[in-house]
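Next, two complexes with subunit A in common: one pairs it with subunit B, the other with subunit C.
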Partner chain A sequence: MRAALSRLRVVREPNLAMTARALEESAEGPRPLVPMAGGTDLFVYLNAGALPEQDYLDLWHLDELRGVIDTPGGVRIHALETFANLRRDPLVKRRYPALAEASSWVGARQIQNRATIAGNIANGSPAGDSLPVLLALDARIRLVRFSAPRDVGFDTFYTGYRTSVRHPSELIHSILLPWPLPGTRQYFRKVGTRLAQAISKVVIATTITVQKGRVTRARIALGSVAATVVRVPSAEDALLGEKLTPAAASEAARRLRESIHPIDDIRSTAAHRLRVAGRLVELAVADALR
Partner chain B sequence: MKIRCRVNGVSREVETPPMVRLLDMLRETLRLTGTKEGCGEGECGACTVLLNGQPVNSCLVPACHAEGASIVTVEGLSKRGKLSPLQEAFLHGGAQCGICTPGMLMAAQALLQENGAPKEAVIREALAGNLCRCTGYVKIVEAVREAAKVTRAAAAAKKPARKKKAAGKEKAGGKQKPAMKKAARKKPATSRGKRARRA
Partner chain C sequence: MVTRSPAVNRPRSIGRSVPKKDAAAKVTGAALYVDDLSPEGLLHGATVRSEIPAGRITRIEFDSAFDWSQVTIVDHRDIPGNNCIALIEYDQPALVENEIRHADEPILLLAHPDREKLQQALRAVKVHCEPLEAVLTMERSIACARLVHATDNVQKRFLIQRGDLEAGFARAHKIVEREYRVGHQEHLYIENNGVIARMEADGSLVVEGSLQCPYYVHKALMHLMGLPAEKVRVVQTVTGGGFGGKEEYPSMISAHAALLARKSGRPVKLIYDRMEDIAATTKRHPAIVRHRSGVTEEGELVAQDIDVIMDGGAYVTLSPVVLSRGILHAGGPYRCPNVRITGRAVATNTPPNGAFRGFGAPQTLFAAELHMDHLAESLGMDPLEIRRRNLYRLGDVTPTGQVLRESVSASECLEKAVKVSGYVKRRKALDAANRKALARPAGKGPRKVRGIGLSLVHHGAGFTGSGEVKLASIASLDLSPEGRPRALAASTEIGQGTVTIFSQMIGDALQVSHDLVEVAQPDTLRVPNSGPTVASRTCMVVGGLLSQAAADMRARLLEFDPRGWSDDRSFRKLALRHLKERGALRIDRQYQPPSGIEWNDDTYTGDAYGVFAWACNVIEVEVDLDTGDARPVEVVTANDVGKAIHPRLAEGQIEGGVSQALGWAILEELRWKDGRVWNQQLTNYIIPTSMDCPPMKVIVVENPYSGGPFGAKGVGELPMDGPAPAVVAAVRHATGQWMDEIPISPERLLEKLARLEEALT
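Moving on to the complex of A and B:
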């Protein structure tokens, strides 16, 4: 397998525009380039010999794809931001504590120093820890190709298990997180086999907005319970207009257990996932009460 | 591809295919075999090195990402044949079979560079990506604490000498305050007991 690594080709262009052009041109040919960020997913597959021989397009040196910036519409997080940066970024910590929290639970230190948020999105594992947070925060994904950028809502990004609306000629450029509404409480919790470096059995992110004592907006997003990260509108509706009470929480949990259909796999069972997911909703509501 | 980088403080030019792992570039091309391979998939931390000061799994880093970077491996910890305080501390039960030790040392080194007085929970979080099948971790955590203590003591032993000099130059007083503030700031801001690792 190592002999194979020594044969792989990497294309490295000096800037984003030329990188995007190289990707777009290759996408039409027989050997589309594969973008490479921190490599924490790619190298697991490569080391296991699980990928066909492909050519890679390096992004790591492109500082144009780094930075967390304050904009009128919210905070824009660029593709190559690592989870190590996101867990300690002051703006992220203040405005999107659920994202800072999720970032601190990805892998362990060594992984966080290399793993990027765009890599997490593009890899598209339904267990990706940042994904439910992005869904609960109404994120928008900016995709670029040489010809033009486009923005897509994260709620319409995935089309199935590890498939998305991203065309092979497009790069993930950045993620826009709208400013949270006043009175919004964010929650994140990951349940894995052990505390660190574990792929999630169930992962939840919620945002619950309370105005004048009643819930005016709720987002409940779950990972590892379906082929993609999902929101659970029926459970969200159970909270709307209600006061945050244990009764409202258990009604949301009941509806959630009715609407999701997790599977048995090597990490957990469907029954366990259902139980845990319901309980996590109750915990999220209890947290919003505080 | 020709890669220019600094390895353990020495400038190197390495001829290597770009997608070869940093781990193989270090072990096979540069013959720095202190860095170990355990799992080859990012789980065990045996291959941990510092890349621009940050711990990474060298089994997941392509050699081309070392271009222009500074790399420190376990070989870079000792100075002039003398073990570092961290290495000394590991000699007392922190290492048994030794396969995890180079990675443990590098992850712990990264922590101590950021935090001179880490609490147990902080140490356990910093080492959560490093597996050890021998020690049960307790001795490793103790070794990191001990190294931090020794390093602090050494720094404190140096300080009075410097202060004396300063006091000699300008009138005593004033100057000491900022130094105290700095020491206070170094205390870890958070402790995440919940994250303490169970192996």
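Moving on to the complex of A and C:
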């Protein structure tokens, strides 16, 4: 452990209201509190000594931030829902199979027991496994502060590499996933460095809605190909109004390869990512055909 | 005179999978590893390392804002003896004096009572350097881009010659020439390197830690500290894996802890975290192997011209012996009358590469096996058939002129693995399935193809050539004060089962239960030098000495009381009586080479090994044509180990070795950035998890060796040798692509496949 654990301060307040207040108060001071959920990513950074000394606000005990709730507008998933829960939640499995699938690919069982969906969002890694799914599902993020909540579309949440519209005084409260339209097929695929305990080289989630044989709506979202998770509107447009054919798929893949600019890094190469991302779009379309 | 044989009804434990003796303590957490130990007054140590691969130190700056009063600081001037880690050559300094020869080379040592403060102290030291041109690849080293070793950057050369190469090529119907490459590999033992050192009041030094070879550390510390043998004591603590990674490196970390302990006058614990361990410690040698060989129309191998280059890294360390084993296996398990094998270990500005399971043989066998496949292909022959025609049989002669006199199982291993895997039928079935899969256009769903490949390997048992004779190992057996037989040997338990198999062998020889037998903790104060725990020699060589000692002890006890014993209780009674009436009983046995073994180090001819172990791997691989991922889906592995003393442990060694080899073949790639290891973490140095390891059918073949205890030949390294070329052969079968360089990363494979597809469309 390269970080000095004895110098870490972890603040723990009894309930959500007091937690939110503590966060808001600290945000104006010299050492804003950093909200901490499952801590699975945090621990890796601490071990490597890669974080500045900062104070943490523990959320783990706040049951107010747990629960998967059926609402008229869709399903509301609260911040601290773990991937272990999401991969087996009946509602999620039935209505958002891509999210259940993505949850099952996070780390491995031990990580899934601690890692939370809000942690994945707040951590903001472009390789976050659940994030392309949230993009493809048009998720809305509810942020709360002691004074007032607000909802933000997930497609406008990130502002850059690991930066977001979330103000340091705000907590992620929950994620609303609108009900999928009838005729929508969801697809998820993670291409990682190995079959478990892996970080993705490319990760894709798509939702393709087909009505009367034509695509009426398409979402193509990718991770690990840019500074944030991204949607690729040009590729989505290639499918709109089309029948799902290999030709349409290959046109979407072509546009996708033109629109994204992945990089070489420790896990893979730009060329490989580009090639695989194109193939994954074709696979997603082929999957929607079934 | 023995008048009566003691009871012989006891079931022998050899060949039975008795409970592993160290298992309970390890699974319950009772076993104490070095980081669990905290002697009073302990300081924690840390190492300031170079951040560049080559350069000269101009200035070392200590941040004046930091409180240095409690920090012990050691540099090369604090070394009382010679500033070197004594191994084969004495070229590697314990601490850099001026010239930095590789990244993460140790420069300064720090110790502090508090681990967190120590981390801050590390950050408060700045080493200023004037960089030199770094030689980071074998090609640059050979081109002498800059001299980093001697006058030609070559650390060691070897030549093996047999027959008439030109005449051989003249007979050839086909001549095939190719180059093969393998990369670094990290051992990734579960427990990182770590030791504790302390100075005793009488000026002697004690080092305890996680290590494979107590006497290597002992020798290095004598030179470094200028101490006589009796003033240096090295003790092995419970060790979480080694794989060769704790063969020579512990001498370095022990040296550092010892220097800090000497200067501070306090015990010092030096434990690497994973990042430091991956960045600074040894790796498997990368290699470039070039083959030019000739075959007749019938597939008979008539000429092999092989050149082996290994990357030794910045210092010589063990590279000469790794290279030696590499070239001695470079021809593969095949008879060939005309052979030339040349080998070079070259110096680069990278951390020294070192011992790793297989010790040079996996690198050269990879090339040899792939080359057999290329030869077969040049003839339109099945890979199985060309092997059947050339594999070593009893009486065949190796490139060094060694006549294979016994325990030759190439054919048996090959035929067993082929039969169990259904290789012939499966290969045909996959051919048909793949044609269908490949005909399917992209965009119509996932496309996967499968292939099946095989490899055949041999592995020389024990030390090379005259190595065992030079070592002249001694192992002892005495009676403990409780009247139990007690093994005294420097052989370490590193998870592989040393303690259990020693107990089995001694127990059977004495006709007591293996539970009664004690195996002393390896401690240079108490145990004789039975040599290092390496080279698959623990069971065959040291186990052999202990078995002989046990037979001697039995005779001595029967001489003392001819009535003998019938069970553990009566043995102890008799033993205690012996201790009381006659005093201590201790039997020392020293290694004697089997008769008829001759080796010439100057000409590199003769019996390179007493015997060889053999293995055949048949591996089926599935390749995802959309992602380039190659995944092994089934492994059949037949291994002739002579005799499996403990079948379950032998199978475990085989499964573990195969998994490690699969990682090397497919997943594991050391990445470099500015001459430093870039992927230093478990999240980015990718080894297989249980999810990535396919089901394995392990076949243990037992073709006994007359020179090994109960016929045993060793199993530790053999399973590392064969899987990689079998995987490449399977990928070739699946995709039509030859991957002559490993790892077969998805990046490389997909690139090749995509180029092919683009060329077709």
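The rule is short, and it goes like this: the second predicted complex is superposed on the first by the 287 of 290 C-alpha atoms of A that agree within 3 Å, B and C clash if a C-alpha of one lies under 4 Å from a C-alpha of the other, contacts with A are read in each partner's own complex, and residues count from 1 in each chain.
The working rule: a residue touches a chain if its C-beta (ideal position, glycine included) is under 8 Å from a C-beta of that chain, and two chains touch if they have at least 3 such contacts.
Remember, it's a predicted structure, so these values are computed and weren't measured experimentally.
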Touching partner for A:V152 - first (subunit B), second (subunit C), both, neither: neither
Which superposed partner A:A270 touches (first subunit B, second subunit C, both, neither): neither
Which superposed partner A:R7 touches (first subunit B, second subunit C, both, neither): both
Which of subunit B and subunit C A:L195 touches, first, second, both or neither: both
Subunit B versus subunit C as contact partner of A:I111, first or second or both or neither: first
Contacts of A:V44 with subunit B and subunit C, given as first, second, both or neither: both
Subunit B versus subunit C as contact partner of A:V34, first or second or both or neither: neither
Subunit B versus subunit C as contact partner of A:D58, first or second or both or neither: first
Which of subunit B and subunit C A:A227 touches, first, second, both or neither: neither
Contacts on subunit A seen with subunit B and repeated with subunit C across the two complexes: 2, 5-7, 44, 47-48, 108, 194-197
Interfacial residue positions of subunit B with respect to subunit A in the complex: 1, 17-21, 24, 40-43, 45, 48, 51, 54-57, 59-62, 64-65, 67, 107, 110, 125-126, 128-130, 194-198
Subunit A-facing residues of subunit C, complex: 116, 119-120, 273, 275, 441-446, 626-629, 631, 667, 671, 678-679, 681-684, 686, 688-689, 691-692, 746-747, 750-751, 754
Subunit C-facing residues of subunit A, complex: 1-2, 4-7, 44, 47-49, 108, 191, 193-199, 201, 246, 249-250, 266-269, 271-272, 275-276, 279-280, 282-283, 285-287, 290
Parts of subunit A lying in touch with subunit B, wherever the complex brings them together: 2, 5-10, 12, 36, 38-40, 43-44, 46-48, 56, 58, 60-61, 84, 107-111, 113-114, 194-197
